[in-house]
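Below are two complexes that have chain A in common, paired first with chain B and then with chain C.
Right after this comes the complex of A and B.
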């Protein structure tokens, strides 16, 4: 498998004017030469192979979009190297554009006033897609989602979900090698999210398109990505399989039990009994966060059963969401 | 192949502008209002002097000139500066830059459709009405062909100037001031607000050496001159061609340099 994207030690710095407060400050700013350098992306390297779906995660302002803009050729890195399909994006922007498709969640590249099919036709001509490929692509789309009713609807009359769906279809239309999806499911309802995930997954399978996905919705990540990359404050925190991520902080599982009597009192007793685990209680459940490196959930459960009459129990795996939250909050040790 | 790209954008622009048929009506209504104003204004100016001819132009010459200048403005003004400014501010420019086309031509062809529609819906009707009403004041002959050539140059020069002004938005990241200033300067210096014949002397000469007069003054004088001397005609078109090429190069180079300045918001 060859690398479609190669990134070596890229850094991007922005020069930002130091703004002062108030009217007087604003007036002074007019003549100010007082810039500070903000490092949005700091020494990131990665290789991505053809056909991968990579989840590119990080809290707001982590530098995700900046990295994507460098990969698409809109921004030039301050230092480091990027190769996308063998060429340097910012030097060959128009050539690179032929190879990539982009969806920015909150914006649309479609022609606002025109029916969707007109936008498709324009894109077909702009990207020089042959009639046959275009027809095949539309057939594929039709087999995946019911686009017929959307095709003749002006984009401005579409709901956000329909528009996002259309934008994703538009990004794949010229069968690019790489598609960048920047928060594609932002603001969508549950069923639309599911539909879009299925669509992305199917298009990736069908055309072996590399997909780079940034999102804040861990559902997207769980449904689509095998590999995830996490950055924060411009620095790379994690780059590996999603399975490894769960073991990143030790294998935690949450054991939830319900007993007769007061839950909070029992919870205190359990906490005294297992000082190494964190125990909490709400109206319904007592939760014990078990670190499987120390003892297994089954051991804890049988231990508890000796003292308490357990009426009900649940076992929860720690979710990707919680792991990511932990990484965002604590960083990597 | 490349031509196909361009025309598909023109076509889209035509369809798009036809969606907003009401706006065409509003433009025509606005024009009529403007014309009433300038009619009375210039009537007052001519009434204040004793002669019928001021600076070599009669009242009806002046009026025909100004009416056609307005009509020309309607179809040449593509509001490119607005568009670039808006796209820079909203960050939408990022998506345009990801089209496999040069931004300059992408934008031009995207808006060419509107120009085509405006040509048929505002310029042509105005021209026909003026021709009929003035009953032969506009000569109809070879000058129409020269006029068309001249307009093609004018559109190109106008677009280059717009594009240069729009590029400035990358630096200022604000659009209001520039947008207010640009049409006023261009319309004044190009002779669309006041015929250049009326300009006072040193000013008149300076204006002759600027690119702006090639946008409105040149095509209109070509159109209104029914029997041009070949030398004069060639000079006018030659100067236009010169500006056309020069402004084209300047706008391209300026854009190329400026593009590096782009800092699309968002981290």
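Right after this comes the complex of A and C.
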């Protein structure tokens, strides 16, 4: 399989003015040449093959947007190389634009006043989609979601969910090789989220489109991505399969118990009893994050049973969300 | 990839325009009110002009009908900027909020794509009003009529329009470099009010400024001299189409330079 995106040691630095405080400070800033260099992306490399769905994750300000902007040709890397479908994005912005589709969760790119179908027709002309391809695409869309009621509705009158759906359809319309989705499910209700995930999955399967997904919703990641890439402070933390990730910190499970008596007091006592595990209390439940390399959940449970009267219990596998949270907070050891 | 032809852009523009008009018409009240508003704006502008001339029979050797001619000329010349480039007024907000980035992902000219988004229909009323004024004063001045005059008129109206478009582009693109750039655009917009007066009525400093710094004298005064005073056309009048083209090109380059430098806010 060929690489659709090749990124080799890219770094992006921004020059930021060191701002001073107060009115006097801002007056001084007017004439200041006192810049500091901020490295938003620091020596990142990755290859992405055609047809992959890659979850591109990282806390706010990690450098995700900057990387995406370099891949779409809006920013030029300070050093390193990017090839998207064999060409350098910032040198061939127009050609690159023909190859990609972009969706921002909360910013529509459709014509605000126009019914969706008219936006589609204009996009068809802009991207030079043939009549046959256009017709086939609409048929495919029809088979995946019920677009008929959307087609004749002005984008302005749509709900956020309908608009996001429309934006995704518009981004795939010219059958681009790569689609960048930036938080496509932000602010949507559960059923709409599911609908959009199904749609993205189906379009990826059907058209073998490469999808780069940035999100903070681990539901998106679980539903769509086999591979995830995590960056923080501009540095690559992780680039591998999602299955791999779960065993990344050892095998964790969360034991949740409900006990009689004061919740926080008991939690404190348990925490003292098991200093190697993290213990938290909320909603009447006490959670113990058990590292099964150290002792099994059953051992912990039977030991707890000796001291406390356990009224109820639950066992949870660690979620992607928790692993990611741990990576964000603690980094990779 | 080959460059997109002019025909391609015309086709796209026509489609967007047709759809946009359709959707605007569907808001009938809004459409009617904005049309009435435009008529009132023009009538009010005309009344203040008329009152002025009730008190002064001529200004610096310019009679009522000549001034009316300039007035009509400037109204027509200001129509394209109103109709086709009104989105410049939104540029600052788009850039500030980060929404501008959405324009950067299409395989078409960024300037075109941005401007094509808005067509301001109010300009049409202004055009008709200007045309009426121009024809009336043309008649009263007894300028006569020939195909060559019409051709001159069209060429010089287009170059006058280009000057205003260029001024607005340049002013709007200030937002790529400045946080609060509204006053730049607003200032240029206010300056265009001086365009309808003969530049000779101003003091020499302002004459210089309006010709070479903020060239609003090219919006009505210099180009209309070609028709109004055919015996004493200054060189600057004949140069106005070239000035307009160069100035428009430079403003376009400046706008694009700013837009290409733009890289949005964090998403």
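Here is the rule we use: the second predicted complex is superposed on the first by the 279 of 333 C-alpha atoms of A that agree within 3 Å, B and C clash if a C-alpha of one lies under 4 Å from a C-alpha of the other, contacts with A are read in each partner's own complex, and residues count from 1 in each chain.
Here is the rule we use: a contact is a pair of C-beta atoms (placed from the backbone, for glycine too) under 8 Å apart; a residue touches a chain by one contact, two chains touch by 3 or more.
Predicted model, so just to flag it, every value in this text is computed and none were measured.
**Student:** Answer with first, second, both or neither: which of chain B and chain C does A:138 touch in the superposed model?
**Tutor:** neither
**Student:** Return first, second, both or neither, reflecting whether A:74 touches chain B, chain C, both chains, or no partner chain.
**Tutor:** Both partners, chain B and chain C.
**Student:** A:200 contacts which: chain B (first), chain C (second), both, neither?
**Tutor:** Once the two structures are laid over each other on A, A:200 reaches no partner at all.
**Student:** Where does A:231 make contact in the superposed view: on chain B (first), on chain C (second), on both, or on neither?
**Tutor:** A:231: touches no partner chain.
**Student:** After the superposition on A, what does A:102 contact: first (chain B), second (chain C), both or neither?
**Tutor:** both
**Student:** For A:82, select first, second, both or neither according to whether it touches chain B, chain C, the two together, or no partner.
**Tutor:** Neither partner.
**Student:** Counting only touches as set out at the top, which of chain B and chain C does A:183 meet: first, second, both, neither?
**Tutor:** Touch status of A:183: second partner only.
**Student:** For A:5, select first, second, both or neither according to whether it touches chain B, chain C, the two together, or no partner.
**Tutor:** After superposition on chain A, A:5 lies in contact with neither partner.
**Student:** Does chain B (first) or chain C (second) touch A:62, or do both, or does neither?
**Tutor:** A:62: touches chain B, not chain C.
**Student:** Would you mind listing the overlap between the chain B footprint and the chain C footprint on chain A?
**Tutor:** 60-61, 64-65, 69, 72, 74-75, 93-95, 97-98, 100, 102, 104, 107-109, 111, 113-114, 118, 121-122, 125-127, 154
**Student:** Using the touch rule from the top, collect the residues of chain C that touch chain A in their complex.
**Tutor:** Residues 1, 8, 11-12, 15-16, 19-20, 23-24, 98-99, 101-102, 104-108, 117, 262-264, 266-267.
**Student:** For the complex, give me every residue of chain A touching chain B.
**Tutor:** Interface residues on the chain A side: 14, 40, 60-66, 69, 72-76, 93-95, 97-98, 100, 102, 104, 107-109, 111-114, 118, 121-122, 125-128, 154.
**Student:** Mind pulling up the chain B residues that touch chain A in the complex?
**Tutor:** Residue positions touching the partner: 1, 4-5, 8-9, 12, 15-16, 19-20, 90-92, 94-95, 97-102, 260, 262-264, 266-267.
**Student:** Per the contact definition, I'd like the list of chain A residues that touch chain C in the complex.
**Tutor:** On the chain A side, the touching residues are 60-61, 64-65, 68-69, 72, 74-75, 93-95, 97-98, 100, 102, 104, 107-109, 111, 113-115, 118, 121-122, 125-127, 154, 182-183, 214.
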